[in-house]
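Chain lettering (A, B, C and D) follows the sequence in which the chains are written, and residue indices restart at 1 in each chain.
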């Protein structure tokens, strides 16, 4: 099976001149789950943004399956984004739609019938411990609850790839562990998972492959079996 | 916490019905958005309505003036001054003869006495005219042409009894001056107002979009197509236009009511039964439909601009 | 990472100069904000300018019409028709006598020949009048009153040579009808346009604030006073108003230029040298100042409304 | 010395009917630093919001020094807020002002001269490792950098009380520890510090008093010396 995702010598320099990624290469197999860690400003979010086309690399190639993301332009950007579920570091919920409608969005965008979508949204809400908050507006939730809504929205449509940027930054350790278990169960459904996180304790506990970024460079690519040695 | 999420399979692309669903949803959702903020909606619709009402009102005024001028034009007549020595009986006979001609719509016979009376009124020199010893005026036949005016005038000039066939050239020149002036004013105003209406519609939708920039950005990140993002705004613009068009008609009706009385007075002083005419139902419908389309197009243009702007990845 | 942060002591309350500093800062910052978005600024200013230009233009038109009517009014004259048997020499003598009276501004003597000429022109009955055997018209003295018109008319009626002293009542009635109608139209339009200008200013600033809601909320959370938050918007409104006022004057100047020619033609056909008059420099200044104040007040009202709305803790 | 802050049987119920705080009582001494922890949705942010008057309690009293916050209304709300430095869980930076101007805001609001303010802002930026980013806009920073800007803005004016809501949620462990050290140094300058955090590891390491919220109730109030026992 070809890799789901491949970075080939990717460089990203922001307009201001700041180099956020330098010669980054790696690949992610179908059904794999892995972490990206690194200090604040190391380039984790930038790496994820290249995958869902919020940013474009200055050099190198990003391949999603057979698809070269450099060549995805215009209307096909939207189609690509529907295949990638994203948990944003700053949640990005629609303030004037209910929790339920926020989570249903990816399904609506894919043209799912309202009834089917509602049933699926309710099941995800239950699973994330938000069953009672479906009709609330995002502004009426605690930060951790908002983060979980963002996670629900990213997973609800069973994307080919899930990229999650610091998905547990606002969650207490128990909830964080539960979310990680949820992510770890996604590969069974055929979803590959890429999680950026600072929470080294959590990362180590999960025993998955870890990419370590340092000032934009890929400093380490640790296999699960080597993790205990670190 | 460990049941699987999946139930219904998520389709890769939209099913055909989804497109229609989203249109229906957008119609209702955009209306809901307007009604949830009644004051700001009223403000926006008010601005648009005033901008629409002004050029429309101007158009109505011009249409009425033209109609009025048309009335006057249609009743423009030829005067045949008969030779001084024409007998009263012959004049009446000639009037009857001419009345039977196909190129003549009607003939009015004005005797010298009647002519003097009219002159008295038109010139305002009543008592000066009373001092005239004898009536120096000839018989006049006032002819309403049925066909071409100039041809008829030429043919009437060949009548042996005709001393003179006359058009009222000075009067016509003056009316034309006013109409030219009115037309120029109308164009200047229409240009200003058309510009105003355009600016208002565009600006309103632009600011509306600007205050929802973030929301649109999120939708784009989730993979919403341009059409999906644009749709609610198109309907929003259409609703604005619809409401503004209806309100503009209402404003014009009120303005018309306020003008009816003084205009009737004025018309009466000219001895005319002229009355202000508003829109026909068909025209009113066209106005509302036009405003709706205008709102839709304005929203489309501005949303399109936004969509082009927020594609930073297209470098 | 362990040096202390503190250096200058932070004052508990603002020092007096800070208030002035922030005003100066707001003036510049709000201008900068406008210039950084030139297109949307142009759009907003354009809308406001049109809304201002229309009532101002109307005001100018009315002022000009009034001035024109005033001209006509001032030249309204009394006609003294002398008795048929008055000799030419006596008529001329009387004209000279009257010309010396204090309550008379001027006297024009129109002989029967001149009168016939004029009648010819006014009635358009040229050739009919040529057919008159002899001139039946009397001498006419056309008197321009220097004081009260009615009193003068009464005194002139006592002249032994006067057959008749006359005002042109029908003509006056007709002009009054037009002026009444014009006044009514003007009021209806001014009401619509005033409403429009108000709505545009309010709506523009409202939407501007709405798109910066979040920013204002953050400032409030950091302990910014209402005045601090309102200030940049007040100056923003003032800048909008200033620019819109200037642009409105420009639009009116262009409109005036477009109307100058046809209006001169029209005036010439009445034998008048009347020319359209724009704003005096003082009036232009007042317009711009007024627009600036309007922008300031509109911004103040809307910001005040926002500040009241976003104090959820005041329950 | 009277306490800087006192909660007396405070209850907070949100308009939707959700009870976020129930009968919470505690007091904070001048120069004290303490933590608030609890699961996601326990009411930590709500508690902090009552202190800087983003919300009002339904019952009970909050006292800031001698000042009863129930009686602070109208224009005095702004004056009160200038005495409390706040790190918001969602940063709340002004998107169209530079990092430097964002941090200078509290100083400008207090009427400090621009030159003095600029010097002070630069010193804080250095201390938080953002020395090079003063002219950037917040949108050009990584999430962790944004969080540090929020922290800089909260401490720059030396408030009487600093309340920080999850100030290390986007920071790597090294940075988080540095920020905590910074906070721990503030009481020396007379600033009391109240930090809401899920990061139990960090909280334990700091050896400070800890308030534990559970579904809106104050479940525990642990003194530093008892912390090891937990």
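FYI, contacts are C-beta pairs under 8 Å (C-beta built on N, C-alpha and C of every residue); 3 or more make two chains touch, one makes a residue touch a chain.
Note that the coordinates shown come from a computational prediction; the quantities given were computed from them, not determined experimentally.
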Quiz item: What chains do subunit A and subunit D have as common neighbours?
Solution: none
Quiz item: Approximately how many whole Å separate the CA-defined centres of subunit A and subunit C?
Solution: 65
Quiz item: What is the distance, in whole Å, between the centres of subunit B and subunit C, each centre taken as the mean of its C-alpha atoms?
Solution: 25
Quiz item: Which integer distance in Å separates the CA centroid of subunit C from that of subunit D?
Solution: 59
Quiz item: Which word fits the touch map of the chains here: line, ring, star, complete or other?
Solution: ring
Self-check item: Touching pairs - complete list by chain label
Solution: A-B, A-D, B-C, C-D
Quiz item: Contact residues on subunit A for subunit B in the complex?
Solution: 52-56, 73-75, 77-82, 86, 88, 92-96, 105-112, 114, 116, 119-120, 123-124, 127, 129, 153, 155-158, 178, 181-182, 185, 189
Quiz item: Can you list the residues on subunit D that touch subunit A in the complex?
Solution: 14, 16, 18, 37-41, 44-45, 89-90, 136, 140-145, 148, 165-166, 169-175, 198, 200-201
Quiz item: Along subunit C, where are the residues that touch subunit B in the complex?
Solution: 40, 43-44, 46-47, 50-51, 53-54, 57, 81, 84, 119, 121-125, 127-128, 131-133, 136-138, 140, 163-164, 166, 168-171, 173-174, 177-178, 180-181, 184-185, 187-189, 192-193, 195-196, 199-200, 202-204, 206-208, 210-211, 213, 251, 255, 258-259, 262-263, 265-266, 269
Self-check item: Interface residues, subunit B side, partner subunit A - complex
Solution: 1-8, 10-15, 17-19, 21-22, 215, 217-226, 228, 311, 313-315
